[in-house]
């Protein structure tokens, strides 16, 4: 089973971190294929950056879906998730979606904890878009400038652990999601220091995509996620234009 | 990894069917341990039968949790799910919960299809209790007497397939859940005859419990799923009384 | 009019307290018949204890429904309420349901006040199950160990009154419910010390069951609360097995 | 116990009908005091007519609240309900509110059945205002011109009974409310011909106001239903002007 | 284009203030026609006062709708809004409705800021009635006695500005509505002192009614806002009685 | 006042149609500046096409916002709306947003009518994203292939009018939105043939952007729509890269 770990951020360090965290819990036989965005920003934090990233995700996947069994979108706000689910024939999960669904099996309400205040509006929109607001206890973010994302997970581990415990005590969280691709791998390291179950986005994502790949869902040929009919386009990347025009290759089904 | 497949129905035929369906998608290394209720009704269909079953589930798990890494409640309405999650230290999923969360990653709205009209109110309550009503397109049930549950899956396969396709066309479902333990294994057999992805409860449950076991969530020592403090009781099964009184054994954590 | 006051707790002192509180506002002609659980825990506080109690409620009512016109479930979280409403032909109310509906006629939003922090998750689930979350201002619970439930109502009266007033001032409650069977009778004693109307669960329950009995609702023979068809069972109490199998007696209707 | 049956319609025939229906289920000792609007329309059917009626209700109650223990607003859409609850010191219920809360104790979802299509928008708004939309299965109304409201209850009994049964079968109602003051008394007459429990607005209203009077709720002196501070006015009825200005009489409390 | 600025308060000073604020942003060609209530209270603050005012609004408009192209209800809680929309053939907006819809285009969530704590319950009900609760961050009100409404806007400008900024920082507001007719014109004066966009009710109302007038919506002859059929009445104002009886004049359409 | 009519579709014919429809109701002094996408698809119909378009919108606006007072996104699903609102300092409205908010002032519930079944999922997502689901009566779409979008408005006028009337009669719509940029200008042409008010997206959009421009909202410097801090990027259009990096020009505020 080959899983594409598609990172819409341009930092390959973040990709490595997600792959490493996912690998620790992946099933035997799961191969993780890293792919880092060549266009965009180093680390997506806002609605407008995510809007740019969502289109980049479609470009990347149009070019690189061959020989892959499933896709992880490895940015917590899941840019382009529903568009990918519509346009392509592969199972796909986002890190936010996977984390929130997994958290739902560990308690009634979860909190989302991350390292930068600027992530708040985008994450809040993501919870709404994924229709999980009724399970959200709170979003808790560090106030200070996080510094480099390369080692924020190590430098801020104590503060993030404190924040998680405060989400439990003050906001009523039964579960805490350590959110944001740069924090991949943190949750299992601090699990004994937080009073409720922690969910790591990378871990949740690999287990959920394994679940989807295992049940071999067919591509919808009806309903709202049917592949759009062929359409011409101007000025898009060759691979994406081909996919939109149904010139890419015979689809997996139908 | 040992997974207890706890069937709150008294029919061991249903247990076998769930285990067989789950085994086909289980990861290498997953061992499924069947356990059929010794008290209760052959097949739970209503709120009152599920209320009885929920207490039986606690009895069974108090007696049989040793040496197990996770638990599947193998009845679609998930009797006793939140009580188990509170009282025991093991990860647990219900077939309804697992199926609905898995379906959420395959489309916006799902329908639930099953074989007997009498299941409707209990399933509807279950969707509400699990807070998934916003994702539900419809519950579609066969009108006629289903006959024996032992082979309902084979006898009614065509009618259920039709029902699934009508849920897509008339109710707007993006995904269809083939619900009810006696239908375990049906979805993969008819997947090419329905126009959207199908979800099988047994398959979803084993993949979701594997996911939970893999991430090793700690037992909450705060929040709403903390284990209740020790309490005396009268007239309950010895194992359950011991669990309530904290006389069972040293808990996994704390 | 004979009303069964069915206490799913095993403490008869709590039953006496509920009956006394209810009797003070009961109509002339209402006879309250106390019945205390012979199995279970002295005082239900959690989801898992309530799960056990719900099955006990069905056993008790299967054995004791003869000659009764209506039933009060006298534990605030209403264990087994919908199952009873489905399986039996009698009107039934729970103390939580009765209190919340009554409170709805006295203001827009109510708070629930009680004596032990451990009750929080169960009460919160109960508010959701009864679909009253949109009316809930807050659940406020005393933090300290409540000590014996026999006289918690007297020992903690001042603290509970303070809590009620804080729910008004800080949480926006228009009404306060003094919740939990051990607090039955407290609300009328402290009514002049709280700035908004108080609702006592026992008082509300007896008035609501009187209302239901007076309007003589027929047992549904269609819809989601129809009595389940006959079903065999194994290992259940003789009375409950008979009720499930339709061997109990001619039902009231049909 | 004296209960004012305040009819915001100008038809005294409707008042008589409500009083008669309520009297059949009232407790011993309950005295029903009829009061018919002297201003307004014979039978309120729309938002604009209800808006006029709500102000008339305040006028009537300002003049006639003396010596009364509780108030029933005897028009199904409950014109002025929350305003009365705020401005006066007496318990008050509306027929719609009482019917919907009572129905909530007899099933999960109720339908509202009445005799004229024109009532639909007003009733729909009323269900929303009273925050009961989540319990509503449907509003079913006769299509034809209802003719005189004086005997619509007799002439249309069969059609209304059919409508109630269709609400059960097609809309999933567990309970049916026979709505509209002109239908007061119909539900008990046809109860055996409908497959689920029926609720009569007049019956529900008298039992619910008896419940409120019995528990003697204090008038809020905080929260959102506190009596407004004194205020001058121009051109209003003398009694209402006096009530607004706190020149009426010493309030019951404070 | 002639717009009636219908003030349901009896203070003509408030009318003048609203007209002046609206005029500053009105399009060329918009003529604002002030109309102050001759009956009622100087300044509406509560549900019961708004209930009286709603009926007065219908009286006023029945008498004065001639020659007018659209109507602004110039009290923030929009008394009688839906009744006017049903009974009359003219476009109408309320200040609360216009402000909240306008705020929706400037951010995700808005706060409502005003000068008197007593306005809270009425405003909260208004947000619910207009179905905008999901966009509301908070209602923030000054605690102290506001003193005269004639110059509260000037005297309290600093405190209201502080309150607006606190709504942003503590409640998560993206936009702040300066609410209440006496504050008309304040928002543009303090716009540079608040960190998010401000909305002025009078400004929003005139732009929204201009929008409605420009698109020339037809009066509904079907659906829930169709004009009610003719109805007799007793004791109402001659103009309103004529409107209810369809004796007023040929309606604009049909 | 200069309003940019930014068409994310590549068909300039659609742009012309929107500008013409908007011009008919624009205020004196409003100048409409058309801008058609140079990249993308001729007509956006699906989630994936809208995802591509949203990024194109940011590119276009980064290059062309100079000298403009406000922006209309002239595609009904409003691609990129919230990202624009965050990243730029100008007021912006989408056609869907403007139409739905305008419809809210003309009735309780609206239907959306358009010409192609394929638009359904994208429009449904858009209603949810804009948090207007509670006001939606239905989405009604023509079943047949619409043919060329250039004259679909003329060829399908009768069928669309029928669909609008059916939405009123069968779905309970009080208002109907004629949705989709190719239908701009249709609503005013058929207004007398539909029984409720119609809303035209282009008309609504120009009036709503005029409203926003008139009230001169400041750019948020706090809250969730604050402009993101400067960020480097790779491979984006020079104008967008400059905007993200704060190298574009001095922002309007701060």
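Couple of notes before you dig in:
Letters A, B, C, D, E and F mark the chains as written, and numbering starts fresh at 1 in each.
Note that in this section a residue touches a chain if its C-beta (ideal position, glycine included) is under 8 Å from a C-beta of that chain, and two chains touch if they have at least 3 such contacts.
Remember, predicted model here, so these are calculated numbers, not experimental data.
For the pairs B-C and C-D, the count of C-beta pairs in contact is higher at C-D. Of the chain pairs D-E, A-F or C-D, the one whose interface repeats that of A-B, sharing more than half of its contact pairs by residue number, is C-D. Note: centroid distance chain B to chain F, computed from Cα atoms, is 45 Å.
Inter-chain centre distance (chain E to chain F, centres taken as mean C-alpha positions): 27 Å. Chain C has residues 82, 108, 121, 124-125, 224-225 in contact with two or more other chains. Contacts from chain C toward chain B in the complex involve residues 10, 38-42, 45-52, 54-56, 58, 80, 82-84, 86-87, 118, 120-121, 124-125, 129, 224-225, 228-229, 231-236, 240, 244. Listed in rising order, the residues of chain D touching chain C in the complex are 25, 27-29, 82, 85, 91, 93, 97-98, 101-102, 104-109, 131, 134-135, 168-169, 172-175, 188, 191-192, 194-200, 203-204, 207-208, 210-212, 214-225.
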